[in-house]
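Here come two complexes built around chain A, the first alongside chain B, the second alongside chain C.
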Partner chain A sequence: MRNDEPIEESAPEPELPESLARDLARLCGEAPPVPPSVDAAIALAARRRLAGIRVRRRALRWAGAAAAAAAALVFAVVLSRPRVQGDIDGNGRVDILDAFALAREIEARSDPRRDRDLNGDGAVDRADVDLIAMTAVNLDRGAFR
Partner chain B sequence: MTYADPRSDEALIQAVNAGDASAFDALYLRHRDWVARLALRFTGNREDALDVLQETFLYLLRKFPGFKLTARLTTFLYPVVRHIAIDRRRAARRTAGEDAIAAEPAAPAPAGTGTSTEDLAAILSRLPEGQREALLLRYGDGLSLAEVAAALDIPVGTVKSRIHSALDALRRDGRTRRYFE
Partner chain C sequence: MNACISVLCAWSFLAAGPARFEAIDIEIEAPDDPLAAYQIELFDRSGRMQIAGVEGGDPAAFREPPYYDPRALRESRIVLAAFSTSEDLPRGRIRVARIHVMIEGDGEPEIESRLVVAATAGGREIRAKLIIVKGERV
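After this line comes the complex of A and B, so read on.
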């Protein structure tokens, strides 16, 4: 058999005489004594290296928490803002841009959202756009029903 | 550093990945003697073996964070120890001004004073490295066949083949034939 020629993986493991196994174990036997200075050097290197990881992880945790808190704050502000009827772009006020926005929405969609029916006539159409425009220029405040 | 940590190697590695230095201490203590023994086998002298030990664990340390263990830690450490030891031997030979650089690891030094072990060590030193290492990892270090295969990066069938060849060589040699009688 050539040295590196593989044999079947299912083939039985070579049997080793007990005395040979014992002597092989003895040959590999005792580890050389390791001075405390080597242990200490490795422990110190580990602390130096891993301290960096801990700092980075802590910073990441804080950054994550801060980002989550900021997102929650923004979300809360947005949610707590009173909804203004006719405020199509959601910026908190009704202006001429909302009229444009609704006009574009009506053009773009065959089935505009039902809550865009601002005059309550059952249809979302040009009349709703006009209503927003009038409100925006203060001609008829409170016209929404 | 004298305590034995009950956590598995996998759990310790996970802790080291999170920055736990005491988990690295535990890994070091658990595998230190095996690495030192292996390093001594490859280098043939205690001073170099201790340097190899240190470099091996510093190499392992540099793997963190993000180290994932896919086999036993010993099978990960074996080629590291071997490469570092061979590099040191090459460097030493260059320093000594020798042209030929042998990559063969040193033969294991007999631990006892019995003649039989010395004969065995002498014969092992003449075996091809692959056969010697397969035999010593399996029966000296107690790794399973699969672990030896992983450490040497060869199929299990090749490990068995190398062990067979090594045993044949020992059986043929007059100084070690008595093991088989």
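After this line comes the complex of A and C, so read on.
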């Protein structure tokens, strides 16, 4: 019978001769004796490996928690930082580069962001750019005060 | 009352001695990139100098007077800033503005200055040097 030929469902299960089945059972039935020292060594190695996995898992869990906490802290700091009016580039200070950034934004977009309407006149235009620039050159600021 | 004020003004002018007007050129040297924006601060430590006026600079991009706080006029400190969205930007050594000052007495002002920021097109900060050129009497 070739392997690729379909097996007929009605074909009877082949049976081993009784003597062969008995000999096979005797050979496989009894496991060779394992010395207790080998048994203990295997158990110890397994315990160590499992302990290592547990430590790595715990470390990974802590690292994940620490990363999440750091991200939350950064997010909170960024959100809680008082937003300086006119700080378009978000570097924490207002200088001519903020006015320049808004001027470029107005030139580039037909519909600039509404939150750029710094003077509250309903339009984002050159007046807002001028407001930022005048904030930048205000004498109450600067190093030589 | 007005007479008193006039007398006081005349006395303070005479007490301070002669005054002269000078122009100070504000130049920025941007060797590597075209200059699109700058901000500088200038201060006279001697107290002899009063800022009297502000003009723009040489290149078309900075010909308009820069931004400044009007309170700086009659003060000894000023912050100047300007930008240009033009594509024709100057590079090298550029006279970006001129300020006119009144100096009281015969002594020289002690000017301190700093370049706050300089940037090229797109707002990228660039390496630049501020040069103050004093001396042209008006």
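To be clear about the criterion, the second predicted complex is superposed on the first by the 112 of 145 C-alpha atoms of A that agree within 3 Å, B and C clash if a C-alpha of one lies under 4 Å from a C-alpha of the other, contacts with A are read in each partner's own complex, and residues count from 1 in each chain.
Here is the rule we go by: a contact is a pair of C-beta atoms (placed from the backbone, for glycine too) under 8 Å apart; a residue touches a chain by one contact, two chains touch by 3 or more.
Since this is a predicted model, take the numbers as computed values, not measurements.
Participant: Chain B or chain C: which reaches more residues on chain A?
Facilitator: B
Participant: Between chain B and chain C, whom does A:34 touch in the aligned arrangement: first, second, both, or neither?
Facilitator: In the superposition, A:34 touches chain B alone.
Participant: Just to be sure I read the superposition right, which of the two partners does A:25 touch: chain B = first, chain C = second, or both, or neither?
Facilitator: First partner only, chain B.
Participant: Output check: A:43 vs chain B and chain C. Expected answer is one of first, second, both, neither. What do you get?
Facilitator: First partner only.
Participant: Applying the touch criterion given at the start, work out whether A:57 contacts chain B, chain C, both or neither, answering first, second, both or neither.
Facilitator: The answer is first: A:57 touches chain B but not chain C.
Participant: Does chain B (first) or chain C (second) touch A:136, or do both, or does neither?
Facilitator: second
Participant: Could you pull out which residues of chain A sit against chain B in one structure and against chain C in the other?
Facilitator: Correct list for chain A: none, the interfaces share no residue.
Participant: Enumerate the contact residues on chain A facing chain B in the complex.
Facilitator: For this pair, the touching residues of chain A are 1, 3-9, 11, 13-14, 16-17, 19-21, 23-32, 34-35, 38-39, 41-43, 45-47, 49-51, 53-54, 57.
Participant: List the residues on chain A that touch chain C in their complex, please.
Facilitator: 89, 95-97, 99-101, 103-104, 107, 130, 133-134, 136-139, 141-145
Participant: Using the touch definition up top, name the residues of chain B that touch chain A in the complex.
Facilitator: The contact residues of chain B facing chain A are 1, 16-21, 24-25, 28, 32-34, 36-37, 40-41, 46, 49-50, 53-54, 57-58, 61-62, 64-65, 108, 110-112, 116-117, 120-121, 124, 128, 130-131, 135-136, 139-142, 145, 154-158, 160-165, 167-168, 170, 176, 179-180.
Participant: Given the complex with chain A, which residues does chain C contribute to the contact?
Facilitator: Result: residues 36-39, 41, 43, 66-69, 71-72, 75, 77-83, 85, 112, 114, 116-117, 119, 122-123, 125 of chain C touch chain A.
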